[in-house]
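The same chain A turns up in both complexes below, where it pairs with chain B and then with chain C.
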Partner chain A sequence: MKKDGRSRINWIFENFVTFLRKCTFRVLSVGPIPEHIAYIMDGNRRYAKKQNMIEGTGHRVGFLALMSMLKYCYEMGVRYVTIYAFSIDNFKRCPEEVQSLMDLMQEKIEGLMEEESIVNRYGVRVHFLGDLKLLSEPVRLAAERAMVVTANNSKAVLSICVAYNSTNEIVHAVEKACEEKWEEISLLNASGSGYGLIGLECIEKHERENLIKLIDIEKHMYVSVAPDPDILIRTSGETRLSNFLLWQSAYCYLYSTPVLWPEIGFRHLLWAILNFQRNHFYLEKKRKQL
Partner chain B sequence: MNIREEMQKANRLIAQIGNFGLQLVWFILHLSVSTWYFLLEIAHAVESYFISSGLMKSYKALNLGKLRYLAIVVGSEEAYQTSKVSELLQWLEAIGVKHVCLYDMEGVLKRSKEAILEKMSNATVFQEADENDKLLDQKHMMLEFVSFSDGKEAVAKAANLLFAKYLTSNNSSEDQEGEIFTEPHMTEALRAVGSGGPEPDLLLVYGPARCHQGFPAWRIRYTEIVHMGSLKSVRYGSLIKAIYKFTMVRQNYGK
Partner chain C sequence: MICLRSLPLVPHELKSPLSFRTRAQQQHSHPFSQSLRSHTVPHKTLTGGGTATTTVANVALSEHNDLNAAEEEEPLPSELSEELMPNHVALIMDGNGRWAKQRGLPVSAGHQAGARSLRELVEICCKWGVRVLTVFAFSYDNWIRPKVEVEFLMNLFEREIKSQMQKFVRTVRVFQNPNSRKIKDVIGFWRATERYEGIRISVIGDSSKLPESLQKLISDAEEATKDSSRFQLIVAVSYSGKYDIVQACKSLACKVKDGVVQLEDISESLVEQELETNCTEYPYPDLLIRTSGELRVSNFLLWQLAYTEFFFVKELWPDFGKAEFVEALISFQQRQRRYGARIT
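Moving on to the complex of A and B:
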C-alpha cells in the first residue's frame, strides 16, 4: 500500500514537472526556436572520475542524459538534432576503451529500435553519419538496420555522428563530387557530345577550374540530411569544435557550458535557448548577407 | 446564433489575453537575462582594469609558448573601425604575439590592409613562401588577411585541382583513387590555390555573438574559440585574460 502511495506521488510529481516544462516551452516559443541543435557530448570520463565510478559508467549515465535532452528538444519543437557520438580521433584511445564504447553503442542502437523507445514515440528518423566502414561489423550492421527501420519516420531527425571528422567529411564530399562529375563527363562522351572533355586540353582554363562547384561538394556532405545547425552546444567548458561541423557552423551560435554532459539538464537547455534567442537576429542577418 | 458569436468573441479575447500574457512573461524573462549580462559586463570591465594596471600578479607572466598562431574574427560592420583594429594589433605586438590572422566575412580588413600596416611599425604580410625563414625572425609581426572566399570557395577551387589529378589518373588507367583524395593532399591543394596557412591555436571573436562567421573550416579543427565582445569595447585586460586562460587549457585531441 505504501509503495502504491509513493509511486502515485511520483507520478503526480513527474506529470507536474512535465506540465511546468511544457509551460516554459510555450513561453519560449514567443521567440525564435532553433530548427537544428547540435551537441558535443563532452565530459563523460571526467564525470566518472568525479563520482568515483568505474571507467565506462560515465558514458552510460551520459546516454541517459542524452535521452532526456532529446525528449526536451522534440517537445520544444526542434526538428533536427545532431550529436557527436564518436570521433575518428577517438580511435586513438586504448583498445579496451574503444571496444567498450563500441559495445555500448551497439547495445543502445538496438535499444532505439524497440517499440517504446524515444524514436518511435516522437517519430524520429535516425541517421548515422561518418565513415561507417571504420566501425566494427556488428556495430555497422546495427546502425544500418536502425537507419532502415526508422526510414519512414518523418516528424523529426536524429543524426548520430560516429567515426566522423569534419576534415574527413570534406575530403569524402570532394571525392564523391569528383566521381559524380567523372560519370557525367563519361556519359556525355559516350553519347558523342563530350567534345573530348576527358582530354581536358580543349576547354578554356577558367572553365576547367570551375567544373566542380561548391553546390556539388555540399550535397555530398554526410550532414546534408539536415540544414545547417542554429546552435552548437558543447559541455564541460571546452571552447573548441574538435573537428565537428566545421563546414556547417559558419552562422551557427557556438554555446559552451561548463557542466559535464552526464549532468546536463533542462535548465542548461533553457539557458542555451535564451542565449540563442538573444543572438538570433544578428546571426540571421549575417546568414542572409552571403 | 448570437450566443455562438458571443462565445467565439469571448474565446478570441481569452486567446489574445493569453498570448499577451505569454509575451509579457517572455519579455520579462529576457529582460532579466539582459540585466544579468549587463552586470557581468561591468564585472568584466572592473576585472580588466585590475589586470591592465598590473594588480593581478597571476596574469603578469604569460607563457606564450603554446600560442604560435592567433586569429581574430571581426564582424564586418565593426571591421571599418581600422583604428580599433590597429590598437588591438599593437597590444598583441606588445604582448609578444608574432603571428596574427585577421578575418572578416566580407573582406573589409583585406581592403584596409595598407591602412592597418601603416600604423604598425614592425608588421609584414604573411606569405606562404617565407614561412620557414620568417618564423625565425623575431622582430617582425606577421599578419595574414582572410575573408569568406578563402573558406568554402577555396575548397571548391582545391577540389577542381584534385579533380584534374583524378582525370589524369583515370586516363592513365592506374588505380590511384585512394591516393588522391586524402587530407594531406587537400591541404596541399588548398595551399596551391592560395588559401593555405597554419591552423590558429586561439581564435578571438569580436562581435555581438560567438560565431566564427565562416572562417576557413580546414584550419579550425582544434582551435580554441573565445568570444571577446564588441570591438567598440575592446579591452587590454580582457585580452590578457583570454590568452592566459588559453595557456591553461589541456587538449587530448580525441585521445
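Moving on to the complex of A and C:
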C-alpha cells in the first residue's frame, strides 16, 4: 500500500514537471525555435572519474542524459537532432574501451527498436551516418535493422553519427560526385553524343568549371538527410569542432557549455535556446541576403 | 646607442619620394605623428576623419609608426610558454562596422582602424614566433554589401599591400647611406631590417571578382615575397570555405578524367593538397580567434578547422590588441588537444 502511494506521488510529480516544461516551451516558442540541433556529447569519462565510478559507467549515464535531451527536443518541436556518437579518430583508443563502447551501442540500438522506446513515442526516424563498414558486424547489422524498422516514422529525425569524420564525409562525397560524372560522361559517349569527351586531353575552361558543382557534392554527403544545423552544442567546455559537421556548420551558431555531458539537463538546453534566439535575427538577415 | 632615425628605411634602389617625405616629417614633428609616436597608443583614438586622410598620409603614418616599432623589443610575456605557441593562427576580423557606428563615424573609418589593428598584430606574431597568420579579410558572401563599402575595401587592400610591400621585401644589400660608414650604423640597419625580412604574403580566394589592378598587385606581391620564410601572412579575400572544397574537388575530378589519379585513390591527403591553403607548410590552424562576440565560423576555412581550438572574444576588431591576444594564447596553451584519442 505504501509503495502504491509512493509511486502515485511520483507519477503526479512527474506529470507536473512535464506540464511545467511544456509551459516553458510554449513561452519559448514565441521566439524562433531551431529546426535542427547538433550535439557533441563530450565529458563522459571525466564524469565517471569525478563520481568515482568504474570506467564505462560514464557512457551509460551519458546515454540516459541523451534520452532526456531527445525528449525535451522533440517536446519543444525540434524536428532534426544529430549527435556525434563515435568518431573515426576514437578507434585510436585502447581496444577494450572501443569494444565496450561498441557493446553499449549495440545494446542501446536494440533498445531503441522496442515498443515503448522514445523512437516510437515521438515518431522518430533514425539514421546512422558515417563509414559503417568500419563497424563490427553485429553493430552494423543492428544499425541497419534500426534504420529499416523506423523508416516509416515521419514526425522527427534522429541522426546518429558513428564511425564519422567530416573530412572523411567530404572525401566520400567528392568520390561519389566524380564517379557520378564519370558515369554520365561514359553514358554520353556510349550513346554517341559525348563527342569523345573522355578522350580529350585538354577541355574548354567552361567545361572544367561546370564539371562539378556545389550541389553535386552536397547531395552525396551523409548528413544530407537533414538541413544544416541551426545550433551546435558542445559540452564539457571545449571550443572545437573535432571534425564534426565542418561543411554544414558554416553559418551555424556554436554554443559551448562547461557542463559535462551526463550532467546536462533541461536548464542548459533552455539557456542555449535563449542565446540562440538572441542571435537569430542577425543570422536570418545574413541568410536572406545570400 | 644606435639611432635608427638617421638611417633610411629602405636601401636606395627601393627609395621612393614617400620615404623622403617621412624623414622630413620626422624632423618637422608632423601633428599626426605626435599621437602615433609609439604603438602603445590605444587603438580607440582615431586621427579624425578616416575618409579624409589621403593615400600619402596613410603611408607616411604607417612608416613612421613602424619605425618606432622596430626600436622596441617585444619579449614574450611571462605567462606564455614558447614551446606551446601555435604555429598557425587564424583570425576572423569582425566588428569594424559596429565600432564605427558606436563612435558616429562612417563604416570606412572602422575598416581603417581595423587595418591598423591588423598591422600591429602582424608585428606581434612575427616577434613571438607564430609562423603563419591567416586573416579573413573579405568573404565571398560580402560582395552583396553596398557598392561604396566594397569599393572602399578594395582600395584599402591596394593601399595596404603597396605600403607594406617595401617592409616585407628582404633587403640583401647593406644600406648605402653616403653620410655614414660607421660599423654600428651598419649593424643597426641590419637589426632593423631583420625584423621586417621574411614575411611572405599569400592571398587565397576567388580573385576573378577583384578589380584588375588589385589582382596584378597581389600577384606581384606574392611573387616578390615568395622566398621569405620567417613568417607567412595569408589574406583570404573573396574567400569561401565551401568554394575552396569545391574547387579542390573540381581539380581532382579533372585529374581523374585525365587519368593522373585513380578514383579509388581519392583520400583526405589528396583533397588537402588541392585546397588553397597548400601554399603553406602549416595548412591547419591551431587557434581561431573571432572578435565581436559572434559564435560562428561564417564559411571560413571549413575543412582546415577540423581540430582547431576556437576562441571567441567580445571586443570588436579595432579594439583587439596585445592584451586580448595574450588572453587568447593563454587559453590556447591551457587546452588539452587529444584529436579523438585518450591521454591517460
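Keep this in mind: the second predicted complex is superposed on the first by the 284 of 290 C-alpha atoms of A that agree within 3 Å, B and C clash if a C-alpha of one lies under 4 Å from a C-alpha of the other, contacts with A are read in each partner's own complex, and residues count from 1 in each chain.
Quick note on the criterion: a residue touches a chain if its C-beta (ideal position, glycine included) is under 8 Å from a C-beta of that chain, and two chains touch if they have at least 3 such contacts.
From a predicted model like this one, the values you see are computed outputs, not experimental measurements.
Steric overlap between chain B and chain C is present once the structures are superposed on chain A.
In the superposed pair of complexes, A:118 makes contact with neither chain B nor chain C. Of the two partner chains placed by the overlay, chain B and chain C both lie in contact with A:171. Once the two complexes are laid over each other on the shared chain, residue contacts for A:149 go to neither chain B nor chain C. Legend: residue contacts after superposition of the two complexes on their common chain; A:31 is shown touching chain B, with no touch to chain C. When both complexes are overlaid on chain A, the residue A:278 reaches chain B alone and has no touch with chain C. Legend: residue contacts after superposition of the two complexes on their common chain; A:181 is shown touching both chain B and chain C. Clashing C-alpha atoms with chain B appear in just one stretch of chain C from the list 27-35, 117-125 or 207-215: 117-125.
For the contact definition in use here, the residues of chain A common to its chain B contact set and its chain C contact set are 87-90, 92-93, 166-168, 170-171, 174-175, 177-178, 181-182, 198, 208-209, 211-214, 217, 238-243, 246-247, 249-256, 279, 283, 286, 289-290. Residues 141, 144, 241-243, 245-246, 248-250, 252-254, 256-258, 263, 266-268, 271, 294-299, 302-303, 305-312, 335, 339-342 of chain C are the ones that touch chain A when the two sit in their complex.
For chain B in complex with chain A, the residues that touch the partner chain are 22-23, 25-26, 29-30, 33-34, 75-76, 105-106, 148, 151-153, 155-160, 162-164, 166-167, 170-171, 177, 180-183, 186, 207-214, 217-218, 220-226, 249, 251, 253-255. Those residues of chain A that touch chain C in the shared complex are 45, 87-90, 92-94, 97, 165-168, 170-171, 174-175, 177-179, 181-182, 185, 198, 201, 203, 208-209, 211-214, 217, 238-243, 246-247, 249-256, 279, 283, 286, 289-290. Contact residues on chain A toward chain B in their complex (touch as defined above): 26-28, 30-31, 87-90, 92-93, 166-168, 170-172, 174-175, 177-178, 181-182, 198-200, 208-214, 217, 238-243, 246-247, 249-256, 274-275, 277-279, 282-283, 286, 289-290.
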